Each structure stands twice: as structure tokens, then as C-alpha cells.
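Contents: one structure, followed by commentary.
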């Protein structure tokens, strides 16, 4: 660009580029010598360039300042890393979708307040997480766009008198747009906050999923058995499997939330333009990536290896958790909701008093509570029947879940 | 919708609607009686509806649950509030643009590390904030889209057996889309986090602006005089004006950051689906809106009333802060940047030793350091000249700033 | 004090005191008229005093400033509130101790990683919380001492020229000490942080306890039944009891953590001395007290009403969770720990393969794994036996727990 | 202890101790081989011990578990580190006291709301920080006591059947007390929170001090010149000194606040007893120490090298900031405060209108506003006079500050 704009000659540009290519090879070959005296990577490269091509190396830094360069570096880096994070999020969703596809009919209890509430299926439950990570994926994509603003040319804070072509640089770097204010450009770290906020929320989702698996793998729930690779055992108590990985993911959520908080605190009350406080950005970003990426990757790897104890799930899904469906049956027959609800409530209380399971109810039993009950009501008297009947968009019925899975398959395996 | 889907009759629907309209009028007239025994607004309305239209009121709650209703309420509320927040953000930007338009030529120092670095203009400085709040505006718009997902039909957690038409409800409520998983729908508060994160960052921007005005209004800077309305005085020390409002905005940033952190903490590790922990969402949202909206509105009101002491600004912008421009002059003449930088460095050190201001330098003086200096270099020897020369996109030159202002005027006064 | 120091006359002091007493009665009787124009409580009282006793009211504010007064008010307020918080913490501990006293022999599983690990007793488990809240009690006491520093006399920031007697004022207000630096005194809010940090940690403890009760009250654990007063039911599903209160306490932990974070953020980077940012302190303190106090009080009220399902607990405590004790038996016989551990590990694996419970093992069975097993080893082959054997200080053995309970009874019912 | 309690023989104990001493020497000599397969330091040592002394090494782990060992390690480590932190805090206070001792008469403005309010001295200002760090020192000491509770013997969660002597172990390790509940002991990280909260508040104090020095070193304030060692310059602009170190300290406050928040989040809602989530404690502690210790040490090193521009300070302290003292003069003569305040307010307004400085006022001038002004009032008409008159405890008068310095010298150089 400097050559095209006539700020340096074509010959100088070629010489500099050749030098930089040589340095690139040295770095890739691990032969580049880093020296603390160079202070930063930019000075290190310019120093080496001078050794390779002589004083013309001094033209490398033309129309640049450390302040606009460091923020460019971070934007380039984060933009690339976010591509990877997005792909990891997609991979996790693919992994969950594959598990769901195998469990469209696997009935299990749905919980509110950690109390069994209504039967759902494992597929339906897993798809709740696919939705969450779908939002995370979009959030990471938005954070990436937020990072892709080209700041070079902003100088230390006040731009440059040199006739540079900023849009051309943006194009070459693959950035769709350039920053519109030099003071803002060198002091803006909003894109870091966007990333950290998206990462914190994604970790919150991972922690919710981990919490559930930890509970499901307890003796009390007994819904799942963890693969050895993701748990630590005890040589004395072979049945004990500690869900270490899941506990660590749950814990590290706090860490990423702390990184978000730290960076917001750094920016709060900071006057324009560049201040060294901004240097804290890099460690917060690195630490967050080092936490987030393996958390996503390991979760994706874990799910296909989980062994679900579908009998225990099915057993826990039984009982009167399907009562709401019976009430809705009456609603369809014209009974006001409140009335239907009370009528079925009476039936459940009586049945519990007599320890009767829904499967053992006859049509006559039902009609004792309302003459509106017909034969189709009997189909609701099992967890499967209950699940099958809830086929509205977003519901757990196998046909609904299969339709959603088909959409997700198209999206995730394009 | 219930009538269209044949779940209730058209007559019932009309009766319920008439009843609800009557209740609406009672609420607007302040005549509606709220009773703690009703537990929540939904029950209060159903109770009153029953008084007005009899047992058919029991059909109001058909195919609904408190769990999907509360999240719908919050989504509707936040969606509306965010429209207002977006408009307040635009109004602040308009206010700042108007101040900038009057100060395109008002030279002032640009700072890095709170040290005077290079001359800029007040317009250029103010536009840095217009960019920040522009990003906030986009973030609030994204948060609003995040809120506009229609959850009704998800029931308590597991959808409904009733043949409802969810997309139709979404259309009537003005929501572009419906939730795709009932377990997720009743437990998802991502849209709250999206709002709180956007609000926290916007407050950070407001705090940065406030911090600068607090410093600018100190005796030491003396750049600005605050209007009485926005400061508290002292009857004994009439010259003292305490920037209370600005200090409060700066402080309340911590509060909104705390709300974000609180809500992330609430969600961390929460199993599916609905848990009462989620009730904390509303107070965090209300408190954030009650903080954010007046902070935006008062900042917008404040700026046009600020009295800028342009003489003090101009004076502080003088001196050798323009040295970088001289170095760039040499760069344009082919001198490598590092060499040019060192040459001008020598000149500045000598001038400071002799207490010579740039305005007093002659061409001969300049040429003592480099024969490449020509007559145009003299134009750079004043803060104005320096500013005028930095006309690259994003730079402070009046012509560049005027172009950006024209774009902003088009965007903000459509 | 002003009269004793000769700054005002005894007659004036008496007149002012009489006036203030009259105002106190007006406030207590609800007859005091507050006017927004008074700006704050101090001005309101001085205005009313002037109405009652004339111009000598103007001497009330002698040697005082709003800046030292507001911090005194907050210190007095927090000091009194903390007395109550400490008493509430003690009451919660008493409540827990009473539950423990009734359950010294109630065997239940102890968990690590939410996996059953070794049998303990309910009393032992509950006492873990008594220890936690004991630390909170000490932390609140330290926060109270931190609040009890008398700032009056610091003026707006730079003390006063009047010959006041600060220690005398401190004595009258019941404060053990006076602040040593006027700039620090008006800008110090460390005592607020001390309180908020103690409150956040106490809420974390309450949230841990709540989390456990939520899990224990699930169908899967089935360890406890919540009283109706502290849970919400479902008219249709009478067996469902939602632990709302516990979920709310768990959630509100995030809120108090947010308050702590908010206040730290307010103080970060604030120059000396008084800044209006500090006004944020009061709402953070009020909101924290309004959250903490009921959380403590309701938890104390809840515990005695819990119905423990000791059969389920006992059943869950059984099985090979006592294997560690057998290994330690061998250690006492001189077998190195690692070796003993592996030997018992083999036994457990074989037993599990044959579905044999420890109760069914004979001495001969044990001796097949090690000849060192003697008849006393059989006593370890039940959860009770296992618990009884762990009688070291801090252990779950009934005799140890009773000793600790006796100490706590002495401390908490003095 | 194991030998004294008869759990292992004296010979075995001697053998194990000799082996451990040998390992200690290997570690100190850098010859110890760490192997990832050992999982942790405890296993690594036991493995090496076995190589050195044979199977009796298997007795090392007797009556111990990884869960009680890791918390002991952290308690020992933090206890030692806190001794160093306390000493660093004392060293910073000594450094500040030394600066104060040289500046007891150096007049400067005291600020409220960043507006010049009343004259104080540099010594008085610096002592405000000495008070703050004095509180930090006490807080670190309390955090250290909180760490010094001996958990060994708690086993994995449920203590041990072996007849160990826990108090004896505590005595040998220099801990004043043992934990009273095994479940609590392995899951308690309150002492980590105590440290992180104390560290966060200390960093807040360091950030406040840094913020002031950053402002004081701006051209606008011009109160201080930073040593080259603690600032970065510009070869072209030799007068520019960027306060990098101070900006970094200010920024890293957010990081430590984030660590506190992260650890609170980790603990929130965690069931008893040990969970792997607790592993996050170590990195939060290490990172906090790595931030806090150099921040304290560098601040202590910085202060004696600061060059104060006392002329600029003195000049800024002048003017009518002393008006409050004149009002108090009238109060001493019996004028009610409000009246005195208004009278002096008139005088200041007139003087400002005529651009008259206090130094130029005569007794006749004063008496035009109140006949009660006497010759001693003239002594108040300079910043020095004003400062000297405020000699109440905690005030800025040189005699008061000298008394406080003498107390501090006794405390800090015992």
C-alpha cells in the first residue's frame, strides 16, 4: 500500500517484502532470535529486517504507531480464533444432535425446580442445549464482526499526515470496514468485551449441561454412566466415577466471568485515548480462549461416549407426571382450564392415596371424574403417550423432534 | 388464536376479549384492585375476569403456564424498553454531533497516558464518543432481536397437547420468530444477559465520557464550565462547581456491571428447565433500565449546555506536540521513518532547551536539521496546521470531520 | 461536646438539645414534614430546628460538614444492623445445632463429586454448616469493628480550625476509636466492602445449603420433605413441592456478589478525597441487608420444620462405601496403606461382582483377602459401625459429634 | 506423629523421614524427576520414596487423603505468602511515611469532586494512603489467621478410624488450631476468599494512588515528575513521560477483582463435600499473588524517587480555598455557623469580582464584612496559615501530622 500510494518506492517495497518473507521463514523454522531488548514483536522484526536489508528497513514503520498496531494484531488474532471457536461450537452441536437422533423415543422426566414435572424425551432435552449453543454460535459470529474493523492509520491517536489508503489495507487484511475515528480506534476494546461476554454466556451454558450430567451420574439419579476417559475412579471403589472434567468446566465458568468483569473494570472511567491499562486485554483474551476452547472440544467428545441408562430414565418418567395432559384433554372437550385442572387434581390425589399408577386406570375410572373422558384419553396414560401428544412446535413429540433434527442436520452438515 | 384453532368458541373468545378490554380500562383508570392473594398479575386478571364474565374466564389460561407467560411478559417488556433505550442512545449521539458541528476547528490536545500527545479538535474528540454510542446502539438493537422470540406454547416446560398455532401468536405480538424447544424456552434468559452486557458496556462508555468532563472541569485543566443545573455549588466558594451528575454516572457503571455479574451467577450451573432462581431476572432488568435511561438522557441534555473554554484548550494544544507531523514530512521526502523521527527528536530537544516554540522556527532553523525541509513544512508549525494535515479517513482534519459529520447527520436525522 | 469545648454556650447547647428532642418526638410520631427542598436529612432537621428555636439553630452544624456526617451516619447504621445480622447468624446456628442434636445417630451418605463416598451422619453434615456460619459470624463481627471508627471532625476533607474534642464524641457514640486522617476519613468506604464481602460469602454458604436441600428434596434423593410454608405446590400434582424459597436464596447470592463487585468498581481509581461516586454506597448496603437478613432468618426457621426421611438416608449410606475403614483396619495391623488399599479393593470388586453386601460377609470371607482380619473387623461392616469408628476430632462418630455439640451449646446458648 | 501414636513403628518413621530428607535435597538440587504419570506432587514423592526405601514408603500416606492434603498445602503456602504480603505492605507504608516526613510543610490543594477545596499538605495527603494500607495490613493478617487451621485427619471427607493426634500435627506445622468438622474441612475455601477480598481492596487502594499520580504527572497538574525507571519516554518528545507502571497497577485491580468474583462463583451452590471445582482455587491465588506482590513492591520503590514540584502545588493551593477557616473564625466569636458562612461567602464573591487574593486583604477589608474579625484572622489569609490552624486529631497541621508520623515510625520501624 505504501508503494501504491507513492510513499515508498516499488523497489523499496519489494525489498521490504522479501525481507519480511525471509523473517517469516525464520520464525516458522524456529530460528528467529527474540530479544527482550526489542520490547515487542514489531521492534524485533524491524531490527531483524535492518540486519537483512539495511536502512530501508526503517521505512517499515511508516504511517504506523505501536498504538494502532497492537489493536490491529489483537483484532486479527481474535478474528481467527473466533473462527475456530465458532467451528468448535458447531462441532458440539453436531455431537449433541447425533445423540439426540438416537434418543427420539427415549422417555425421561422433565424437571422444574428439580422436581419431576412432565415426561419428555432425552432427544428433546439434548436439543435444548443445541438451541443454547446455536445462540452462542451467533453471538460469537457477531463478536467476530465486531473485531473486524481495521484501525491502521490511526497512528498513536491522531491519524497521520501521510496519504495512506486505509480501505486498501482493510481489503488486503480481509476486514470489511475501517475505523472512523482515530481517538476511538486506539482506545476501543469493545470487541474484546463482546467476545468475553459471549464466552461467559457460553461457559454458563456448558456449566448448566455439566451440572445436569453430574447429577445424572449420581447414584440417586443413575441416568448416565461416564466414560472412564472423562472421570477419575478409585481402585478400592470400582463403582465410583468422579466427574472431574464436568466439575472443572462448571468451575471455570467463574473464571471466564471474572475475565469479563476484569476487562469492564479496566475500561470503566478511562479517559481517551490510548492508556497502558489496555494492555490487560491480551491476557484476559488468551486465558478465556484457553478455557473456552477445550471446554467446548471436550464436551463435544464426551457426549457420544455417555452410556444412558434408559430404563432408569423411563422409570423416573412414569407416574402422574402426565396429569396435565389429561386436563388438556378435557379442555379440548370444552371444559374451562381451571375446572379441568381441578377435576384431574382430584383424580390424581385419589390415585396416589390408593397407590394406583396411571397405566392401571380404566376408562371407567376416568369417567368417574368426568363423563367427557373418551377412549383416546387412555392413550395419554403412559409417559410415551403423553410425550407423543405434545407435538406442537417446540414440543417433545417424536415427530416434532424429528422435524427439528432434520433442520439442524441441514444446518450443521451442509 | 384459541378460537381460530377451535379450542374455544368464537363467542367465548369475544366474551373474554370484551372482559379483558374492560380490565384494561380499569387499570388505566387506576381503578383495578390488586390483591396480594392473587400472587401475580396473571391470576389477578383472571380473578377479575371471572367477576366480570363468569366461569368462561377459566378458559383464559388455556394452553398457557405461568412459566411461559412470565418469560413472554419479560420479552415483551424488554423489547419495548429497548426501543426507548435505542432512541435515547440516538438522541445522545445527535446531541454530541451538534456540539461537534460547532467545534470542527476548535483545536485541543489529544492525550495518551493522560499526557498531551498530538493536537486534535474538540469535534474529533467528541466524535470518538459518537462512534462508541453507535456501537452501543447496534448492540441494543441486537439485544432487542434476541428478546423477540415468542415462547408461548412451551407450557410449564414440555409444551402442550392442544393444537395451538404458535406462529400466529408470534405474528400478533409482533415477534419475528418462535422458540424451537420448550425446555429451553422456559429456562432461557440469554436475552437478559444480552441486554445487561450491552447496558454495562454503554455505561462504561458514559463513565469514560464523564471522567473526561470531570477532569476538564477541574481548575488544572480548565477546559469546560458545567451548567449549574448539572453541578452543585458552594455558597461560600462561588467558583467551585461539583460535577455531581457526572460522578454519579461514573459510579453507577459499577452497579450495572454488578447486575450483569449477578445474572450470570444466577444462571451458572442451573439445571433445566424452569427454576425459581430465574425470578431474579426482573429486578436486575428494572434496576439496569432505571440506571441506564436517565444516564443517557441526562448526558444528552448536558452536552449542549457545556461552556468550552476554547482558549485554554488551544493553549494546551500548542508546543511541540506537532513534532510527529514534521517527521512525517521528511518521510514523504523519502527519509526512512526511524531516521526522520530521530532527526526531529534532535530538533525538539534543542528547541526545548532554548525554550523556543514551534511558531518561532524559520525555514532556516528547520534546514539546520535536514535540507529536505521545504516551505510547506512551515504550515505544520502550529496546532491548526498540524490538525489540518491529518486528513486521512478517521483523522482530525476539519475537512475529514465535516465529511463524517455529514454522514452522521444523514443517519441520525433521517 | 461543642459546649464543653466552649465553642457554644451551655445555654445554647441546652436549647439545641431540647429542640432536637422535640424533633425526635415528631419523627417518631410520624409528624415530621420532609421536604425535597431540604436536600438531605441534616438540612431538614436544621430547618425544623430553626423553626422551633430560632437562629441559634445555625450553630448545630458547627465543626461539621456533610462529607463527614454522611459517613458517620452510614457507620452508625451499619454498626447497628451488623449487631442484628450477627444475632441472625447465631440464631441460624442454634437452629442447625438443634437439628443436629436430634440426628447424631442418623446415618447418611457423605458425598464427594456428588458420588456417595463414605457414610456420615446427618448431625455431622449439619455441623459442617454450623462451622461455616461460625466463620461468617466472626467475619460480621470484624466488619462491625471496621465500621466503628468515628469520622466527625474531618470536615469536608481537611478537618477544622475549631478546638473540638473528637475522642469525646466517639465515646458518646459508642465508637472505640477516631479516624486518624481527615482526607481518608471522608473517602474511606473500606468498612462497606468488609461488610459486602462478608455478606457475599455468607450468602455463598446459604446457597450451598440451599442447593443441597433442593437436591435432597428431589424424588431421586428423597432425603427430605419441605414444609408447605417454604414451598409451593401444585393443585394437580399434590406430591410436587417446589423449593421456591431455597431457589430464591440460591439466586440472590448472585445479587449480593454483584453488590460487592459494584462497590469495588466504584472505588477503583477514585482520587482523594470525597467524590459523589461514594453515594452509591448506601443502596448497595441497603439492598444487601434486605437480601441477607431474610435469607438468614428464613433458613433458621426452615430447618426445624424439615422432615428427614431417615430410611432413605440410611439405605443410601449402605453398601461398600465403608471399604476405606477396612483398609485402615489392615493399616492398624501394620500393612502399608497402599497395600491395604489394594487388598480391600480386590474384595470390593469381587463382592460387587457377586452382588454381596458388606453385612453378609463373614470373617472367613474377609480372611480370604488377608489373614490379618480379626473379629473386630466385622463391626465395620455396616454404615453405623463405620461411622462409630471414625471418632477422631472433626469426625462423624456420635461420641465426637456429641462433644462438639456440647461446646456449641455452651457458645450459642450462653 | 504416626509413630508416636503407634500407627507405624519408630524404625519405620525414621526410615521414612530419612527418605523424605533425601528427596528434599534432590528437589533443592534440581535433581528430582517429575513425571506427569505421578498425577500430583504427593504421588511423585511417594513413588520416589518407594525407590529409595522400599515398600515401607506405602505407609507415608497413612491416615491421609488427597482431599485433606491439597487443602493443607494451600493453607501452608498461603500462610507463608501472606507473611511476605504483610511485610510488603509495611514496606510500602514505610516508604510513604518517609516521603511524608520530608513534606510536612509542603502545602498543596485538597480536592473534593476533583475541585480544589481546602489547602492541605503533601504529608497529610500521603498519610491518607498510609491509613488505607494500614487497614490492608490488618486485613491480610486476619486472612492469614483464617488460613491457619489444620485440616489433616479429615480424610477424603469423613475423617479416619486411625487414632491420630491432630493437635500434635497442628503444633508441628505451626497452626494454632484444627478444623472441627471433616466435611467442612475438605470443602472450605473461605480462607481463599478472605485473601482474595483483602487483595482486591488493597489493589483498589493502589489504583486510587496510581490514578492520583497519573493526574499529578499530567501537564495540567504538573505536581510531580516520574522517575525514568517507572515511565516510558519518547525519543522525539523528551518532555513526555508515560506513567506505564501506574496505568498497569490501575488496570490490574480489575484482574484481582475478577479473581475474587471467579472464586465466589465457583463456591456458589456447591454441595458438600469435596468437588473438583475447588481445584480452581490455586490459579486464582497464584495469579493474585503474582499481581499483588509486585504492585506493592514497585509502589514502595516508586515513591522515594518521585520529584514533587512543590511550587506548582503551593500555587494551586492558594486563593480563596481558605474561606472556610475565616468562617470558623467567626464561629469561634459566637456567630452561628450558617451566618458566618454567608458573611464570608459575600467577602469571597466581592474579592473574586475584584480579582483580589487573600494575601492582599487587610484587617480593615475583613472588618467591612464583620466587626468580629481581629488581627489573628490575618494569619489565616494564606494556605500555610490555613493549614496550621487545622490542628485537630486527623487534621493537616504540621504539629498534628508530626505527632502521627512519630506514632507510625514507632509502629513501622520497631
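Residue numbering begins at 1 within each chain, and the chains themselves are lettered A, B, C and D in the order written.
Simple rule for what comes next: contacts are C-beta pairs under 8 Å (C-beta built on N, C-alpha and C of every residue); 3 or more make two chains touch, one makes a residue touch a chain.
Please read all numbers here as calculations on a predicted model, not as lab measurements.
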Checklist entry - Out of B-C, A-C or A-B, which pair touches the same way A-D does, with over half the contact pairs the same? => result B-C
Checklist outcome for this item: Most remote chain w.r.t. Chain D, using mean C-alpha positions, is A
Checklist outcome for this item: Cα centre of chain B to Cα centre of chain D, whole Å, reads 35
Item to check | Computed distance of Cα centres, chain C from chain B, in Å | outcome: 38
Item to check | Distance between chain centroids, defined by C-alpha means - chain C, chain D (Å) | outcome: 25
Item to check | Where chain C touches two or more other chains, by residue | outcome: 112-114, 117, 215, 242-244, 247, 250, 253-254, 257, 260-261, 264-265, 268-269, 275-276, 324
Next on the checklist: By the document's touch definition, which label belongs to this structure's chain graph: line, ring, star, complete, or other?
Outcome noted: complete
Next on the checklist: Quick check: in the complex, which residue numbers of chain B touch chain A?
Outcome noted: 7, 46, 55-63, 67, 110-114, 117-120, 124-125, 127-132, 135, 139, 142, 146, 153-164, 166-167, 178-188, 190, 193-194, 197, 200-201, 204, 207-208, 210-212, 215, 250, 253-254, 257, 260-261, 264-265, 267-276, 324-325, 328-329, 331-332, 336-339, 380, 389-396, 404
Item to check | Of all residues in chain A, those that touch chain D in their complex | outcome: 242-244, 247-248, 250-255, 257-266, 275-280, 283-284
Checklist outcome for this item: So, in the complex, the side of chain B touching chain D is made of residues 112-117, 214-215, 217-222, 235-244, 247, 261, 265, 268-269, 316, 320-321, 323-324, 327, 341-342, 344-345, 348-349, 352
